[in-house]
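Note that subunit A is present in both complexes that follow, paired respectively with subunit B and with subunit C.
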Partner chain A sequence: MLPISLIVSTASIGIVYAVLALAVVFIYRTSRVLLFCVGEIGMLSAYVLRDVWVWVGPGLGGFAAGAAAAIAAAAVVGLILYTVIERFGGHHNHFVGTIVTVAFSIFLLGVLSAGWGGEISRLPIRLGFTTVLGQRVPLLGPAVIAVGVVVLATVGLALSWSDFGIDSQALADNRRLAQLRGIPVERRLQAIWISAAVMSGIGGCLSAAVSSVSIEGAVVGLSGIVAAIIGGLTSPLGAIIGAILLALGENVTTSLFDARYSHVVPVLFLVALLIVRPSGLSGRAESIARV
Partner chain B sequence: MLRKLGLSLLFGGAIAANAVAAEPYKFGYLVDASGPMQGTFKATLDGFQLYIDQINKKGGVNGRPIDVQVRDIQSDTQRSVNAVQELATTDALAILGLAVSNTHAAVYSAAEKLGLPVVAGYPANIPLALPPATPNAFATGLIFSVTGEVAGKLAHTIVPSGKTLVCLGFESPGSLLACEAATKSAQANGFTKTESIIVPLTQRDFRSVVDKVLALKPDVVTDCFGRGHVVSLLPALGAAGYDGVYLNMESGIGIDALREAVKDSPDLKLYTYSRYIVNGEGEGEQAKALRDAAKQAGTKELLTYHAAGWALGQVVVDAVKRCGPTCNKQSYTAALEKVDVDPSGLSGAPIKFSPTDHYGASAYRLYKFDHATKAFSAVGDWVQATSTPVVAKK
Partner chain C sequence: MSHSIPLAAAAPLPDLARPAALAVAVAAVIAIPAIVGGFPLQLAVTGGLMAAAAMTLTVLTGTAGLLSLAQGAFLSVGAFTAGVLATSFGLGILPALLIAAFFGLILGGGVALLTLRVSGIYLAVGTFAFHHVVEILTGDIEVKLTQATGFILTHPVLFGLTVDTPLKWWGLTVGVIALVFVALNFLRRSHIGREWTFLREDPSAAAALGISLLRSRATVFMLTSSITAAVGVLSAYQLGNVQAGNYSIHIAIAYLTIVALGRAGSLIGAIIASYVILLLPIPIEATLGLFGVDATSHIAGIENVLLGSILVFSLLNGPDRVLALIKGRLRHGRG
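Here is the complex of A and B:
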């Protein structure tokens, strides 16, 4: 019988990858910039969450204050990132924009190192465990899944039903036409960058919840990027599927074979994808190019 | 006129002599200060600097201060080699410290070409310093074939009837070697089923690894991990209901991190073993001097890193004293081979090198964690280990 804990851990890490991948897709769809600093923004938020939570005190109040501070920190980074990319013309030159995000990831690692000096710690979460079919299942995994699903559902609803979401989709499809139709493109882009940074922050905090708050934790961002690429870079649903596939591949490799090979899984996925379906699972990159 | 010239020459000569006398002994120190293992290596430098600072405050050695040039190599091999080459141009007498064991072979090799000795500090060392030692390779930390062998013996001490042992390591030569030695030693000590589970360096979500460990129903789980691994692993192990023995190798983790990691796992029986004292508890001249220096520097809690860094400082300074005022890298290498240091109170064995053995005998102490008092207390006396482990030198 497959351990339930394995299913839960696969689903929870898949959700973490999905949230991070969605941030990458958000930016790529609207700005054609690959957001390389997704993991670093995530870990910055995790450090802020931990510090504020510990400072305010354990319990819901501390968590709420920490979460608010973490989201605010991510939003500020998103705004700064947008402004810097705007300044360097990165919204028009996608290569420059991508390079700026790479530079930002290096800068943020420096900030983390200077600010927290390599500190490694746990988030003060105490959730206990439950028993399912005679198997002990720590509640942390289901909690991460629940938060991740809420985030993904909120993003999905916002994209489908809010003015912001519809404007964003119009912007993603044809920026010039969106501008001509009176959509405030600059303001929307700014909001998208802030939203993507907030999603990165949430993804980082969720990742820290199931592992630890550490600078090295920023490496989870790469999994988010790979998941987004698997999904085709422009499709939110593709990114979520890519994230789940990636998590499944990694966890099954660890459980059935050798944990050392789990880091080969993303590479194998990418190679297989390049051979079979170069535009990703959704294939939207190609169709947009044709439009 | 002649009198003036004579006085000038006299004073000039004296000033020049003083300048030579005040010329510092230079050393290069490689550390991962901002890379993936910064939590493990940076603190040893703090302990080392505590020792060097108090030596310099007393006027240095042979009237010359000791100057330590620190280079952040981020556990990266290319950065390490570049730093060695750069430090060689500064007239450094030796390269000290080092980071994750992946980088060591390249550092030793690059330094050997430049005629520089390397004294690897705590925690990670590779077996090049074991007999017959590579000429420029010295080590004061943990050579994992030795340390892993101790793990097998201690596992038997803790659970005499234990049959299954799992060793958790990460992808680095040192960690792989530690698990190989630990499993072989455990087999020699009555364990019939042993397994090593090796994870990637950046592994932080250990839940699927824990599932794999628990499926083996181990009596003892031991490790050779960095701080980041242990902080992430132990809560996952506890949350999954593991209530057996966890024997941690103190390899730069720190008891503060261990305490925090088992906060919510009251059933997990946590032990740690260490070459140097884990909480500044030692009795002896050096232990007392370290406590005083740490107090002056405002160090909140004395950890193994500090003791190990302090001991490295003792080794470096002992060799400088033996090397004398006209020390160069060749004579310093020769002096290192005569090092005989008593880290009184900091460890259970002297640090003694010879021309063929650049590591020497070492001693390890077992500590048990008490969940009620949240303190580690020593179990038994120091366990002595030779520099000729069962696992062959690699």
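Here is the complex of A and C:
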């Protein structure tokens, strides 16, 4: 039987990747821009969460204040990204838009480095242990999974049932037609960029909860991007499946070989996909330029 | 017909004046660091080697339209080739240059083949994956061969001449810049270069006219990667050591910033932008010093903030927008 802790660890890492991958998919569906700075937004939020939480106090109030500040910080970055890419013409050229997000990752790394230096710390989480099937498991893992599932379910419901979700699907299909049908395109795009940044922030905070708050932690964004690519970049469900596959691959590699080699897994996934199936699992990447 | 003689005799003067002024300017740019010496000369050498690598990326990205995040990887291939050959085989810079160029050629061809089915953003992702593969491999080589301390390189000997002073390095760097500039300029103007541009502008039309995507993409990747790897050897020798940590993804992004700042496809722009990016920390440090901020603890972060801002500004046609704004204001003022 597999140790419960391994299953919980795989699921919690998979959830973190899924939330980050969903942020990438959100942006790619509507703007055809690959959000390279997803990990950096995540770590910025994690630092803000930790600082405010420690400053207010270690209780639930401190956590709530920290979470609100972290979400606000991510939302501000989302708004800036929206303004720069959508308002100043970055979306006219998808390549330029993507490189702008790369530039933002550098910018945010600079902000993290100038603001917090090389500081590595843990979030002030005080959760105990529980016993599952006779095995002692830290409660942190299930807590991360629960938060992640709530986020994914909320996004799923919002996409399927709310006006915002339906409008954003219309935008993803045909922006011009959506505009002609009276959808407030600019407002919806603004909301999409902010939502994606907030999802990146939540993903970063969850990642910081299972590992640590550090600048190096921003590398988790790569796994989120790879998971989104595995899923085909336009499919939220594909991104979640991609995230679970990736987490499984990393954890199996860590258990069988060495933790060092787990970093190779996303790269191998990427290389294999580029050779075999560039359109990802869902095969719905409408705009892959084939020449 | 007789009136044509005085016209022909008068015309060459302005034609000659421009190249002459250019030659004087180039000579001055080369001579000034050599005369000043010291730290500025070292900066000139570092910037010159950066410019040589940036020129290859501007051809790949600007001329051929292939977005690559593998520039740091190809530089590290060159640097590690130099490091391994010097410490494990006792070979000097010349074999290192040849072997690194060969590795660059092969790996560049590999990247072109691997990413043949994709372009645009997916191509960037492919080169990003390649960067990580190289990063993992070079990290392992460093751990296994040097216990993670990195390779130490001594002064290189090139055709019997030991390059052991900044002035000699500057001479070598000027030669390298000139060689890379002439070679890339020639290639861009040749039918090969025109194929690259045609494929960037209209791949379908180019394919319909019989231009092979595979050959064209492989050629541009192989040639530029080969030169980049060779520049990696020179940079490693100039630095005196080789460490995997020196070739992070940020190097690739810094080079993209250089290309964007100097206008993609412009060789002269790539050279100027290399120096702008290299010299950027100096005014930052000085400005922070004016406000009493200890620059040493924040400089890396602020440098990244500025690098990111410059990249965004250049990508979104910031310079053109500012110029248009100034022109508009001036016109408005006159009106």
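The working rule: the second predicted complex is superposed on the first by the 281 of 291 C-alpha atoms of A that agree within 3 Å, B and C clash if a C-alpha of one lies under 4 Å from a C-alpha of the other, contacts with A are read in each partner's own complex, and residues count from 1 in each chain.
What we mean here is this: contacts are C-beta pairs under 8 Å (C-beta built on N, C-alpha and C of every residue); 3 or more make two chains touch, one makes a residue touch a chain.
Since the structure is predicted, the reported quantities are computational estimates derived from the model, not experimental observations.
The superposed arrangement places subunit B and subunit C in clashing positions on subunit A. In the superposition on chain A, contact of A:263 is made with both subunit B and subunit C.
In the superposed model, A:122 lies in contact with subunit B only, and not with subunit C. Once chain A of one complex is fitted onto chain A of the other, the partner contacts of A:251 are limited to subunit B, with no touch recorded for subunit C.
Of the two partner chains placed by superposition, only subunit C is touched by A:88; subunit B is not.
With both structures placed on the common chain, the touch criterion links A:190 to neither subunit B nor subunit C. In the superposition on chain A, A:169 makes contact with neither subunit B nor subunit C.
Look at A:216: by the touch rule set out above, it reaches subunit B but stays clear of subunit C.
Contacts of A:103 after superposition on the shared chain: subunit C is touched, whereas subunit B is not. In the superposition on chain A, A:179 contacts neither subunit B nor subunit C. Shared contact residues of subunit A with subunit B and subunit C: 109-110, 113, 117, 263. For subunit B in complex with subunit A, the residues that touch the partner chain are 33-34, 36, 38-39, 42, 171, 197-200, 202-212, 227-228, 231-232, 235-236, 239-241, 257, 260-261, 264. Listed in rising order, the residues of subunit A touching subunit B in the complex are 3, 5-6, 9-10, 13, 109-110, 113, 117-122, 126, 129, 136, 138, 140-141, 207, 210-212, 214-217, 219-220, 250-251, 254-255, 258-260, 262-263. Residues of subunit A touching subunit C in their complex: 32, 34, 84, 88-90, 94-96, 98-100, 102-115, 117, 222, 225, 229, 263-264, 266-267, 270-271, 274-275, 278, 288-291.
Against subunit A, the residues of subunit C that register as touching in their complex are 67, 69, 114-115, 117-122, 124-126, 128-129, 132-133, 136, 199, 203-204, 207, 213, 250, 253, 256-257, 260, 297-298, 300-309, 311-312, 315-317.
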